[in-house]
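Read through the structures below before going on.
Look for chain A in each of the two complexes below; its partner is chain B in the first and chain C in the second.
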Partner chain A sequence: MAESSPVLEVDNLVKHYPIRKGVFGREVGRVHAVDGVSFTLWPGRSLGLVGESGSGKTTAGRAAMRLIEPTSGDVRIAGEPVTAATGRRTLARRIAMVFQDPMGSLNPRLSAAANVAEPLRIHRIGDPRSRRQRAVELLEQVGLRADLAERVPAEFSGGQRQRIGIARALALSPQVIVLDEPVSALDVSVQAQVLNLLGRLQEELGVAFLFISHDLSVVRHVCDQVAVMYLGTIVEIGSREQIYQDPRHPYTQALLSAVPIPDPTVERERIILGGDLPNPVDPPAGCRFQGRCPKVQQVCIDTNPELVVRSAGGQAVACHFADDNAVEGESR
Partner chain B sequence: MTTTDTAVAPPTQPRVARAGVVGKFLRSTTGPIGAGVMGILLLVALGADLIAPYDPLARAGAALQQPGGEFWFGTDELGRDIFSRVVHGTRLSLQTAVGAAAFAGVVGLPLGVLAGYVGGATDAILMRITDFVLAVPGILFALVVVAVLGSGVWNLTLAIGIGATPTFIRLARASTLSLREQEYVLAARSMGASPFDIMARTITPNIMGPIIVQIIVTASVAILVAAALSFVGLGTPPPAPSWGGMLQSSRAYLFQQVWYAVLPGVVLAVTIAALDAIGRGMQVALGTRTAGRAKVGGMG
Partner chain C sequence: MATDPELIFAIDDLIVEFDTPEGVVRAVDGSGYQVSPGETLAVVGETGSGKSVTVLAALGLLDGGRIVSGTVTFDGQDLLRMPDRRRRRLLGSALTMVFQNPMSALNPVVRIGHQIAEVLRVHDRSLNKAAARRRSIELLERVGVPQAEIRHDQYPHQFSGGMLQRVVIAMAVANDPKVIIADEPTTAVDVTVQAQLLDLLRVAREETGAAVVMITHDLGVVAEVADRVAVMYAGRIVESGPVREIFAEPRHPYTVGLLACLPRLDQDIAELTPIPGAPPDLRHLPDGCAFHPRCTLSRGREQCQEQRPPLLAVAENGEPAVASACHFHDEVAAWAQEGTTADPDENGGQHG
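This part shows the complex of A and B:
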């Protein structure tokens, strides 16, 4: 499982959406949805991509698997570069996706088994009977009994539907699964079940997860690595321990201070951020977090801090004052 | 022909399982009645030779006889049995209805899905063509086609079918547009499905609800237009026993033989009503609601 070469490498990924106006579609601006995102995913590991709505985490995930064409940037899967010419078919065998809305992402006309068998049909693997058989196996693997296989998605609960979605993602035995908010549409009790299932599958299959979520508690539960996104860029990336125990970016610190701790005796200072995400059409010139940062200085307005590795453990922070931020960052 | 097409029904409430649709249809008020009547009409059309007591084209007795034991609804001006002619006319009408609706559906559905899914120039070109056809009143359009191709059952069917196609294109396009952003379409793309596969296997089955309703509507419109064209002498040429043609010839004899006009007229009305009832029942079953059918057909 613990192989030494990364399974997914994303380098300086950029996705801009042009804003066109007028009869001739003149480009009047660009939405900087994702602006230079890089990360590496190892076999059998999970990378959490966290951030608030509009931070570009979903776009980054989709661009990484070329579900949307990135403006620029390199993606390598198991060392092989992925380009526009690679084609979705080839890519689909190595990287699959689980969507947020378990109802909306399943074809309502197809039975559970048929939904799970879709990738096999599309890739012309086996005949209808063997595909069905494989689908039923996959359904059992995610904890759904074989006698439910012929039901349509509408007849399942939310958690069960998401299990079907996961079974479908496993159908082509991909090396990477991009999970886009896979549990945020589910009840909390069901969330835990699905997260445990994901953990078990990862152990059994050695598949890598790119786990996109806004929920820090969920990410903490499943991910070994965490990247915090803000306005299209990663502001901090590191191991789970580094991010949760020793966050260095003021934004990460603010996010963590908002996570409820299930212990009424613990007192802690909450960092309340003012304002909203700046307009991604016109991101600020210096540090992107300058408008909301409690510690903003002149240098933050003038220059954009690079994402720099700050510790031996590989934790990287995009903040001019990352080293000074250490002490008060304890969030336990 | 009105400019609007079907008030676009949200493409099928997908939450309904397939078996549920049939059940709901049968439990709707109008559905089973319409289906029952259409079933009878279908049997009549298929078994016309067995049911009709006389040859619809041959003289069977004296002209313009009143209804009686020998001729149930009397005879026409050439001494042909009116009942037998109406029975055979059923076959003719249903042929036109099925043919025109099938043509419009088979041509319009894929083009509409293509326009909706691919978008861009393909979409723009197809939409301008449909605008053009829709801008010409349906009857006039059918008239022109029949004038160019000559009259005859199949030319008539083709003319009506072409006229009804743009409505299908628009309906399929609109339904596709709203499905295109659905996550399961995105999921199909993520699985590596080709655009053709997505259009044929993922989108089309999921927009069939409104399309089927539209097929029913088109069938009833086709029967009406066929009757109208036959009435003005441009439909099925005599001596074929078309309902419209019979209504036309009966005008001159309304005072001598009223049943000559009543029987084809009533059967025509019942057929249209039955198709309408089916259409409404389907809408109930699919959980969609389209605007009144006067607007829907685009041919009447």
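This part shows the complex of A and C:
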């Protein structure tokens, strides 16, 4: 796991959606879904992409693996640039995806084994018998007994279906798995099973995770690196310790303070933000958080703060006042 | 229990069944709880635990399904046996609800202000137009809707989800309710908006002195807002008591498991301790204790497989007491201490 070259590099990724109106489809505005997102993922590590709905975390994840074509930006997988010309087939062998709703991403008519073997079939790997054998191995690897292999998705529980989705993602031995809210649809008692499974698989296989989630407690448990997104941009990125113990962006601080902690004896200072996430259509010129920020100044309205590295540890914060924002024990 | 004047709202021994193609499903199987004025009770459970069905049935709002038995008392009146007309007048004025999806409570083609005024008129039919408008705007301001004058004349689609939930809360507190029932009120909103809404509900409770029943799957929300908690599993309450006591020393293995399997924002946990298996299929509930197939305290004991444990008070030293529906509740503390290591079966996450 001590490889020194990144497995996924995303540089200045942009995805805009034009808003068209009228019979001639005149462009009247742009939704800035993702606006200049950069991050690096290392082999065997997990990067969490957190944010609220509309923050662009899902779009960023999908654009990074070219499930949607980005407006601009560079993506490199294991050093090789990924472009529109890179075939999906080449890409699919290196990067796989696990979706929130396994019922929607599995073929309901195929057995568990056939679902898992599907990527192998598409990539013409092996013959039907060896594919089936491999599928059963993968199912066992995710904790599903071989005798369940012939059942269809509807016969499994939600947690088991997500295991099938994970087994399928592993089929082509990818270097990166993008997990988009993989445990959000599961009950907490089952969620822990799937999270432990992901941890074990990562240890065994050295696969890297891009873990997209709105749940900050889950991300803390899974990820080594965390990027906090707001309105299409990363406002803060750093190691788990940096983000959870020393958050410097006012949005990260507010977000962490808003998460309820299942312990009635914990007393916390809560930062309650006003308003909702603003509309990503033609966002404000200055800092995107200006409308909800409790510390907003004139400079925040005039200029958009760059995401700048603030510490030797590599924590980067997009706030004009990041250095003043250190708060001891804020999220503890 | 139900006649205690201290209890403003009480559900007792409610049984609710649904007819399905595969037979009768008993979604609620003898569930019940009580609340006192000014108190917040959280009812917590996973999907299919019956936490929502219990309260919908209690209020006569059940779609399909039938109440087999049980009593529901509100302010000394039997809610299940009163005429529909009378019950409907109570709902929305003295006994109000906030649901997960605010659109289910609002009419998409009627201006927000009119919908609030309608609620006000249920209580006070003599309210004239100008006065209703004034009070609606006041209410919108009270729940933190900015530019209330303008918002008053807008339609639901012009509001965000969080703002709509504020409107629903405004309607819920409009007539000084005695009980507010909130069914997953913050599940569909983002965490920063959730913080706003929970704060708003707390203020609403303080101002009206109402009892609040908060139905949620989120133990973080429970810890945050509730005075007491009732944990549901497979249609029954398996444990109830004051929040601090339940979180500090749960007396039912399911509660222990729920608390142990949560990733924490404020702690590093090397490995989560999952509850083995999955929540039961209500069509094929196990005999005895419904939790026994997943329970590592039971260890296959016959009593767990054959006898259904009643919900009984386990701690009498303080009041209100903690109640647990476990045959071996006196073993729970020691078992939880030694670690609730799950059997590494096909469903468990095995080892990390």
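The working rule: the second predicted complex is superposed on the first by the 330 of 332 C-alpha atoms of A that agree within 3 Å, B and C clash if a C-alpha of one lies under 4 Å from a C-alpha of the other, contacts with A are read in each partner's own complex, and residues count from 1 in each chain.
Here is the rule we go by: contacts are C-beta pairs under 8 Å (C-beta built on N, C-alpha and C of every residue); 3 or more make two chains touch, one makes a residue touch a chain.
Model, not experiment: these values are computed from the prediction.
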item	value
Which of chain B and chain C A:195 touches, first, second, both or neither	second
Partner chain(s) touched by A:218 [first = chain B, second = chain C, both, neither]	second
Chain B versus chain C as contact partner of A:65, first or second or both or neither	first
When both partners are placed on the shared chain, which of chain B and chain C touches more of chain A	C
Touching partner for A:263 - first (chain B), second (chain C), both, neither	second
Which of chain B and chain C A:154 touches, first, second, both or neither	first
Partner chain in contact with A:85 - chain B first, chain C second, else both or neither	neither
Common ground on chain A, meaning residues reached by chain C in one complex and by chain B in the other	none
Interface residues, chain A side, partner chain B - complex	65, 67, 87-93, 96-97, 99-101, 104-109, 118-119, 122-123, 152, 154-155, 165, 168, 172
In the complex with chain A, residue positions of chain C that touch it	46-47, 146, 160-163, 190-196, 198-199, 217-224, 243-244, 247-248, 257-259, 261-266, 268-269, 271-276, 278-279, 346-352
Chain B - residues contacting chain A, complex	14-18, 182-184, 186-194, 197, 202, 205-206
Complex contact set, residues of chain A against chain C	52-53, 143-145, 157-160, 187-197, 199-200, 203, 214-218, 220-222, 244, 254-266, 270, 272-277, 331-332
